[in-house]
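Here chain A shows up in two complexes: once beside chain B, once beside chain C.
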Partner chain A sequence: MSEEIQQAIRIRAKELLKLGEVGCVIGFERGRQPAGTGRHPALARTRPAFVYDPADVDRLVWDQTCSQNLVVYLHPEAALGAAEKAHHRVGLVARPCDVRALNVLIHEGQVARDRVFVIGVACPGMSDGQEIQAQCRRCRERVPLFYDALVGKPPKAEVVVDAYADVTEFEALSAAERLAFWTGQFDRCIRCYACRQACPGCYCSECLAEQVDPAWLTIAHTVPQKAFFHVMRAYHLAGRCAECHACESACPMHLPLSLLNRMIAREVKALFGTVAGTDQQARPPLATFRRDEEWPI
Partner chain B sequence: MRTTTRAALAAWLDTLADSRAVIAPQQVERDLLYRQVTSSSQVVFDFERTVASPKTFFLPDTEVILEIERRGSRAELVEPALIREQVVFGMRPCDARALLVLDALLLGRPPPDAYYAERRAKTALIGLACPRMWAGCFCTSVGGAPDDASAVDVMLYEDAGQYLVQGVTPKGAELLESLAAAETDRHPSPSDRSGNAPVEVTPPHDWLALFDDPYWQRLAERCLSCHACTYVCPTCRCFDVRDDAPAAGPGSVHVQRLRSWDSCMSAGYRRIAGGHNPRPTKAQRLRNRYYCKFCYSPLDFGVVACVGCGRCSSACPVDVDVAEMLDDLKEQRMRAGQ
Partner chain C sequence: MDEEFEPKIIGFLCNWCSYAGADMTGTARIAYPANIRIIRVPCSGRVDPLFVLKALQGGADGVLVAGCHPGDCHYGDGNYHARRRLALMHRLLTFVGVEAGRLRIEWVSAAEGNRFAQVVTELTQQVKQLGPWTGLQS
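This part shows the complex of A and B:
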């Protein structure tokens, strides 16, 4: 499966670069670090790769560890490599969750659809070497919502019926238990902002967490400050989080950050009937105002 | 040389904990971290490498360095008392060596960092030799060794289910008075250095010609500009100082001067009044971190500010790997005919 996808990505990337359709293909390559150093100890590391030359496409790999969301590299702030012309089109290897995130950015006017050639991957789910990861078992899309080329065949996959079962379970705990849980988690946080930097939805040129005037947060690495940051970030992603788990994948301290996001996602779904990034037409609920709508405030 | 058992070490740590803070590797959910422990039962004895270095016990991620209270028309300035004695157990040779680096950078020339100096003086280091090199580390390429005892007060070597104990400094010898250990004529066998291929570090002066090399742009493409590498690093020492005024009672003002870690990977790190940023791109920032370690620190302070622990590489969400970078630079130099 992975082998087939990898081959198809290389062929497509070569063609796109040769024809000058795109200036760069953003995909994955195999890192050099040995197994045991990455997040999945059993597996060799893969990492984002930027390919400009058709002769280099064999660097591109694909397997079930390619878990970063490459959509972050479309942020204006991310300033791509020297050879990438700022206005040139890029090819982007994207799983269904990545495309959901891209869809959110398109809706928010951050990325023009025609700037990206989406090499959509029919995704079998990410794996930690033993089993398909939880977020992928919850994912209802095996094929991206939209793409310019599709690689791989839609796999059959078992989908968890209640995607928010763990949220419900967590919510059943008492307030004191929940507070104790998150206090323990945030205590471990080193305030490195890897979650924010890896998140396609976090593109503010100045994050509230680092704003100086007014200073909403202090510079302290204390639990209340870190909790403020994470809860604030979760709120700012309300109705926008594509549930790609890039935040959790990036966290060096293994914080279960997406639990915050998914709790809010469940609320948004219940209130507005929408799941972020899953509809190309629908306006994002929290960026929409309808004259006829009434909400108790 | 003396020999002891794990049970005796545990009892010793419990004794030490009566008179000082004991910091040791502890399993916190999925992560192994240095934490203050209250009982030896919390200590992990068998481990490879913690996620983050024990740096925070010398340069805390956050400390209050001054408190200002206003009472009526008077303002009172209080310098908070610093720590009591502490001991770090299970210090790896690379992390101990990192303290020698910090000594050079923070205490080597005036004015010394008084906060760091006090913590350093009040801390005893109980080293634990690495029996072998771990995945991705390269201490032997930057002047260290997995069994280097030169930067600790007490050194322990795993020895056939027991531990060999070496008092390295007078401070260490004093600590060891309360450890039950027997004399032995055994000597630690040298750690296995064969696991990892050595990395060739480009000499400090040779970095200067590489400053404008397009390599940095290429390397930084995938960099996310997060702070993970700098915060897990045992020698990254940048900090920020700001005042904060937590809510105080009516008529009174309470101001805290905070000192917290800062990271040169952050976009705003070098931003100055008026908004100018002399290091606006992530390539410039990533390059700066490596130049700080391998060029500026050696040239300005006489120390390579990398101890080869490999933590930055393993914490990096996108696999920016310091050892790979060093190898790439070597190739770059060979191509340029240096």
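This part shows the complex of A and C:
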């Protein structure tokens, strides 16, 4: 499966670069860490790769450890290479969740659709080498919402009974238990902001966490500061989070960050009836309203 | 320390309806708990949902956000936006362990002095029962 996708990505990348359709293909390459180390012990690590030369396409790989969301490299402020800047278009290897994240950015006017050639991956789900990761087992999407080229054969989507079962389970705890859980989790945070850097939805040139005036946060390494940061980040992604799990994968402390995001995503769907990145026409749920809506607050 | 716990409640009141409603409570000589600390805002839509968390972390035990009734917003639709935002924030805060009763969103018009007193009384009692809020603080 992965072999097939990898081969198709290389062929497509070579063609695009040769024809000058794109100036750069953003995909994955094998990292230097050998198998037996890192988070996916059974597989050697992969890392983002920027391929400018058709002769280099064999650097590109794809397997089920390619869990980063490459859409972050399309942020207006992302450091783009000179060749990429000079060229109008880039090729981007994207899974279904990445494409929804991209859709959010397109909708918000951060990325022009025609700037990206989407090499959509029919996603078999991310794996740690042994089994498919939990977030991918919950996911129904196997084929991206849109793409310019599709690689891989769409695998059969598994039937997901309740994608938010873990959220509901957590909610069954008492308030004190929930507070104790999150206090413990936030306490472990080292404020490296890796979650924010890995997130396609976080593109503010000045993040609230670093804003000086008004200073919402201090630089203190304390629970209230870290709690505020994570609640703030989760809230700012309300109705925008594509649930790609990049934040949680990037977290060196393995905080269950996506639990917050997924709880909000569920509420956004229940209250406002929208799912992030699926509709390019509808206004973002928190930028609009209906006069006749009413919920218990 | 036998003293009864007196909660601190931060009230974000919109300038056009709820703040005037609170004024009405005063001019009508209606008594309500002095636990509420009022912050006047131009509109309930001005209330960044993060104010709620900030207040709770800054020593508040409860938060009230009050604005014009839906349809009555001075700016047309500020309270509709506030309604969506705060409904979501309320759920998020509950999820991280803040008791649901600590945050209340109400619509109070400039004529509803009685209602304002009632809302503040109810919220104060509710927060009193929940006890002091000490979570997510150092």
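Definition applied: the second predicted complex is superposed on the first by the 279 of 297 C-alpha atoms of A that agree within 3 Å, B and C clash if a C-alpha of one lies under 4 Å from a C-alpha of the other, contacts with A are read in each partner's own complex, and residues count from 1 in each chain.
Keep in mind that, in the parts below, a residue touches a chain if its C-beta (ideal position, glycine included) is under 8 Å from a C-beta of that chain, and two chains touch if they have at least 3 such contacts.
It should be emphasised that the depicted structure is a prediction, and the values quoted were computed from it without experimental measurement.
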item	value
Partner chain in contact with A:Lys156 - chain B first, chain C second, else both or neither	neither
First, second, both or neither for A:Arg45, with chain B first and chain C second	first
Which superposed partner A:Leu271 touches (first chain B, second chain C, both, neither)	second
Which superposed partner A:Arg291 touches (first chain B, second chain C, both, neither)	second
Partner chain(s) touched by A:Arg191 [first = chain B, second = chain C, both, neither]	first
Touched partner set for A:Tyr235, first chain B, second chain C, both or neither	second
Which superposed partner A:Ser249 touches (first chain B, second chain C, both, neither)	first
Touching partner for A:Thr222 - first (chain B), second (chain C), both, neither	both
Residues of chain A that lie at the interface with chain B and also at the interface with chain C	220, 222
Complex interface listing, chain A residues touching chain B	31-38, 45-50, 68, 72-73, 77-82, 184, 188, 190-194, 196-198, 206, 210, 215, 218-222, 249-254
Contact set on chain B toward chain A in their complex	28-31, 33, 51-52, 61-62, 134-136, 214, 217-218, 221-222, 224-228, 230-232, 240, 242, 244, 258, 260-263, 266-268, 281-282, 310, 313-315, 317-319, 321, 323-324
Interface residues, chain A side, partner chain C - complex	170-171, 175-183, 186, 216, 220, 222-224, 227-228, 231-232, 234-235, 238, 260, 263-264, 267-268, 271-272, 285-286, 289-291, 293, 295, 297
Touching residues (chain side chain C, partner chain A) in the complex	49-50, 53-54, 57, 70-71, 77, 80-81, 83-100, 103-105, 135-138
